[in-house]
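One chain, subunit A, appears in both complexes that follow, with subunit B as partner in the first and subunit C in the second.
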Partner chain A sequence: MEPSAPEEIAREPLFVVRNLDKVYGRPGRNSTRVRALDNVSIEVRRGEALGLVGESGSGKTTLGRLLVGFESPTAGSVLFQGRDIAQMRRAELGHFRNMVQMVFQNPFASLNPFRTVRDVLSSGYRRRIRRAELRTQLVEALERVGLHESMLDRYPFQFSGGQRQRIVIARALTVQPSVLIADEPVSALDVSVQAQVLNLFKALQRDLGLTIVMVTHDLRVVNFLCDRVAVLYLGRLVEVGERDEVINSSWHPYTRMLMSAAPNGDPEVRSTRPWVSSELGAAAPPEEGCIFAPRCWLREQLGNPERCLSARPESRELPVEITASPGHVVECHFAEEVPHYARLAEEQLAASDGPALPGMGSLR
Partner chain B sequence: MDVPQGGVRAITIRAIVNNKRALLGTILVAAVLLFTLVGVFWTPYNPISFGGGKSFLSPSWLHPAGTDIYGRDIFSRIMAGGQTSLSIAGVAVAVAATMGSIIGVVSGFIGGIVDVIVSRVVDLMLAIPALVFALGIVALLGPSAQSVTVALSVVYMWQFARVIRSIVISVRNKTYVEASRGLGVSPIAIIVKDIFPSVVPILVVQITTALAWGILDEANLGFLGLGVQPPSPSWGSLLIEGREYLFDTPWLSLGAGTMVLITVLGVNLLGDGLRDIIDPRSAEK
Partner chain C sequence: MPVVFDEAAVDSESLLRVENLSVEFGSGPRAVRAVDDVSFTIGHGEILGLVGESGSGKSTLCLALMRIVPAPGVVKSGRVVFDGRDLGVLSVRQMREIRGNELALIVQDALATMNPVTRIEEQIVEILRDHAGKGTVDRKNFRERALRALRSVHLPNAELNLRRYPHQLSGGMQQRVAIAQGLILEPKLIIADEPTTALDVTVQAQILSLLREVRDTSGTSIVFVTHDLATVAEICDRVMVMYAGRIVESGTVREVFKNPEHPYTKALLSGLLPLVGEPPEELDALPGQPPRPEDWPSGCRFHPRCPVYVRLGKPDVCRETDPNVDETQSHWAACHFANQEV
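Take a look at the complex of A and B:
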């Protein structure tokens, strides 16, 4: 079923991820096997900026790498414009590589110390083109990210972190991709430089119509850049929705907790919140039932229902009567109860001056 | 230009002149080569025939390095022997470095089952004592300068392969290699442009040590009756000839030893200097 009309193509998602599993380690050796992604299904729409958020170890980077084709899925599939990346032939893969580019986390590791900016930027050009023409293109590529042509013959070690990340972005753009997958592109930079790079992403998205998938643990980045947010927890996608809905009025207890963990400038408030105390690393994912149940505050509030431990919640789309916009997907048996109990606890907090509940407008 | 250069392109006459070690190394290597080249065409005395000169003369103006047991001028023998030593060691190391690099890069870059098999073969080859291995090969091919060269190439190759494989493995998973792959750069181009530059510094060091061993191993083989046969001189055989009389007439070995020393020192310095010039990070000296 090939889409015919242009608007149909525009509406068709760029990426369709279906029931994706990624397990690291050798089959048969259960002790060394790590389940990085567990039954993840998500779509990336054309022209949007999608944020993948979660704690470290949640599988957000793995998902990003699967989207670029750097890893192959253990089960399930990643479709790009309707074609499975794992099934692509050489020519098709070349085309895919030109469409989808990655921006890496650490700009100090992603540039070869032995190669000049000119070398680095020209490696994306496969065909032989004339020197003068190549030069114009390289200068253009540099100017697009706010760097000057005099930097062409310098080496990576002569640049600051922010400049390096611009070079990395410029390199990704030399093949004129339509999608950028960015893996924590600003986390290695200091705060003043982060803003510059994020502004660059925003400008590029606006000017070139890029689709951006932003892997990040930084909610400020999400707030600034993303249209939609997907929240991962221990390899499972627990919530996907419009950015404002996920951040401010989430329907998943984990998302609420994650939002409350964001620093809000008042050290006193954060330190009294009980739900952010438990370490992710300490929690081995439970074999059955909800993956978040061992840490779930909502479950406590509801009186520890048996269902959370026995049945793994299906990922389901919430009805439009509840959410403001369609397509809000959540993985929780009691998602509808979340706002009520969150408000309840917030009121208790206000009355008792004790621990606060997560997510109540503290972020903005 | 205040912009530092790096890579093989950075090796210019100017860069060598500006780098003390590279300059000194170049001078030493050039001197050794010139000395040897002259020795091919002219020596003060006949280096081979027993000309009836006196034995065991100590160094003098007439015989700068003295005379040996048969009364031959040792200085002339050193001049004539350089050709054998340098060509055997040089060619053997060049071949070994090339073959070893190819084996190491292929094994390290491809990985998986190929790497496992190649690594085991390399381990096996390294487990055989070098001299015994070389002896076997020379015995198989028959004693001659060519078979010594072949033998030393085959023996040295595995050391190169192992060292280079380990570097390739450490570089293979760097993010910048992944980035090139993501841009659709071909594996050959990735090896040449992204991986090989990291190999070069270690390769240079490895080559300099192998060259010194090459000169000595050629002599060892000659001493055992394989390889270049007496009376043709080589530095190694001169060293070994003098060993018996080391306490009474040390100059028998001293001249050839000095030449080996100068050669190795020159190559070492040159290698060090080139490594500095190639690495852009050390370019702002």
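Take a look at the complex of A and C:
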């Protein structure tokens, strides 16, 4: 894709992911093959915080790793600023690897135990700046993540989990990236420390204009941090849209299920979950029809239409007349029916005063 | 089973009473006190939430209740009275009888508690056989009971799964098997240590509802240990917040969530991000990190991180004196300034 004018470059998304497939395992051996991503297309816009959410096995981590270039696609492509990562030559790839930095879940595994904070941070600057400037830069790097210069000569074991995660982030920032891809960056941290790191991510996006891709299972983190949310299920992208719309008025039955499954955190308000049904088994996804059909509460409400089992739903953008903002993409034959039937199911449950989880009855 | 009955300890109200329990690791001046002077009770059919971060002592406390604190840890003082018996004076053999039969432990990593080369059936039947006594081995009956236990935790295809090995089950199914193992002898008290932490939200919702169902149908009491306040709001009746080896606040879930008194509880609750609706622009983050048992701070152990302490101009009392608490109250907090507007 050749951009024709400068303003078009500015509007062009940072990442364009097109029809991405990722299959693990040897070709031909169907029993060992796992389709981690199935025909995923999505854009990452400049300066946004995008959340990738889903259950374990949904492919959210795989998608994150493909964006960084840790994995190569089985089919489809990942374009960064219009260039296919797989086609990049050496110099270009080096530039790409500076621009896109990754933060992992476990800060204990991400730092070399034999290197001080000074060593860790210096390597990012060494080639670009003079020795005399180095110290100022290092102090600045530490302060940006809320750490103090007295910590420069300490080793990783002298820090807590939250501090280590901030050192990892400081290290990522030394090469002046434009994107941070973070895979569950607060899950391993103590609750009272998570807030420090979440505030830092928000500040980085706001103050440095960083683009952030947040891979997480935690819907609360997504609601706090993200501008847009992408929901994955068994390797397929089932919904993408603005945070407010996906979180508060989703158009996909799976997203509704995921949201209602999370405890609301208020002892006064009883959780009503008309539609949480059996867990993601080890079974392979259905070959035909909608991938979510076996667990779908909406399908049941609609009287099990044939289409859900016979035709795979196309990924489509909902018309702006029904969503508040454009660009809301869902993969469901009956997305338009979701809000109505969700309300209906909740009303039925409230009226029956039944168990909080009637789905339990239909577990088999 | 011979039972040591302690007349004074018989209490019709509570199933478990813990009095001034302390657990230390090591000995002498370098001993580390992981649990420090903890007292509480659990009623029949009550679900008690025990909330704390890593290193707060919550898991050590659970092990002490089961009397399985690993060496070099020892219960230094205090007692645990369970169903009228002082567990501390029971023989090893009597204690073994109680574990499993009356007291069950469910841990976070269900897979780690199972034998990887043994089928699910044997994992469950083994428990029955161990507790059945000699000469009563009746395989067919055991199998039936194992099946019933798996069905009671809503495990799909129970018959088929009985023949499977642990690794062939998903995480949620493994956790259900672990709960079935815990329930099969119909214990009076289940200690569940982070039973849903490693699970997806959809599975977590089902496990929480299952634990609640167990309580509602069999009157089992549950100690639910977690770091996640959202799950506490979901299933607990009462909650205790632990910090640095001590209980800092205790009350009914409604009281504590509505009117938290301890600054630490307040911080935890404000860190509980909203699931829906507009998120805050910025979070009130506590400074620092939870202290380690080898260097608990003096006085109130929360004072180095406490926003109230700073706001009051760092009063000496916080640094020097342990806060007194009236544990007879239904809702209390271990803070010098708990009931004052600051």
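We take it that the second predicted complex is superposed on the first by the 328 of 364 C-alpha atoms of A that agree within 3 Å, B and C clash if a C-alpha of one lies under 4 Å from a C-alpha of the other, contacts with A are read in each partner's own complex, and residues count from 1 in each chain.
The criterion applied here is as follows: contacts are C-beta pairs under 8 Å (C-beta built on N, C-alpha and C of every residue); 3 or more make two chains touch, one makes a residue touch a chain.
Every value quoted in this text rests on a predicted model; they were computed, and no experiment measured them.
Contact with subunit C, but none with subunit B, is seen for A:Glu55 once the two complexes are overlaid on the shared chain. Of the two partner chains placed by the overlay, neither subunit B nor subunit C lies in contact with A:Leu66.
By the touch criterion defined above, A:Cys308 reaches neither subunit B nor subunit C. Contacts of A:Val193 after superposition on the shared chain: subunit C is touched, whereas subunit B is not. Of the two partner chains placed by superposition, A:Ala230 touches none, neither subunit B nor subunit C. Using the contact criterion defined above for the overlaid structures, shared-chain residue A:His217 touches subunit C, although it does not reach subunit B. Ranking subunit B and subunit C by residues of subunit A touched puts C first.
Of all residues in subunit C, those touching subunit A in their complex are 53-54, 154, 156-157, 168-173, 200-206, 208-210, 212-213, 227-231, 233-234, 253-254, 257-258, 264, 267-268, 271-277, 279-280, 282-286, 289-290, 305.
Against subunit B, in their complex, subunit A makes its touches with residues 68, 70, 93-94, 97-98, 101-102, 104, 106, 109-116, 119, 123-124, 126, 153-155, 157, 168, 171-172, 174-175. Remark: subunit B residues 3-4, 6-7, 174-176, 178-185, 189, 193-194, 197-198, 278-281 touch subunit A in the complex. Residues of subunit A touching subunit C in their complex: 55-56, 160-163, 190-196, 198-199, 202, 217, 219-221, 223-225, 247-248, 257-268, 271, 273, 276, 278-282, 355-357, 359-360, 363-364.
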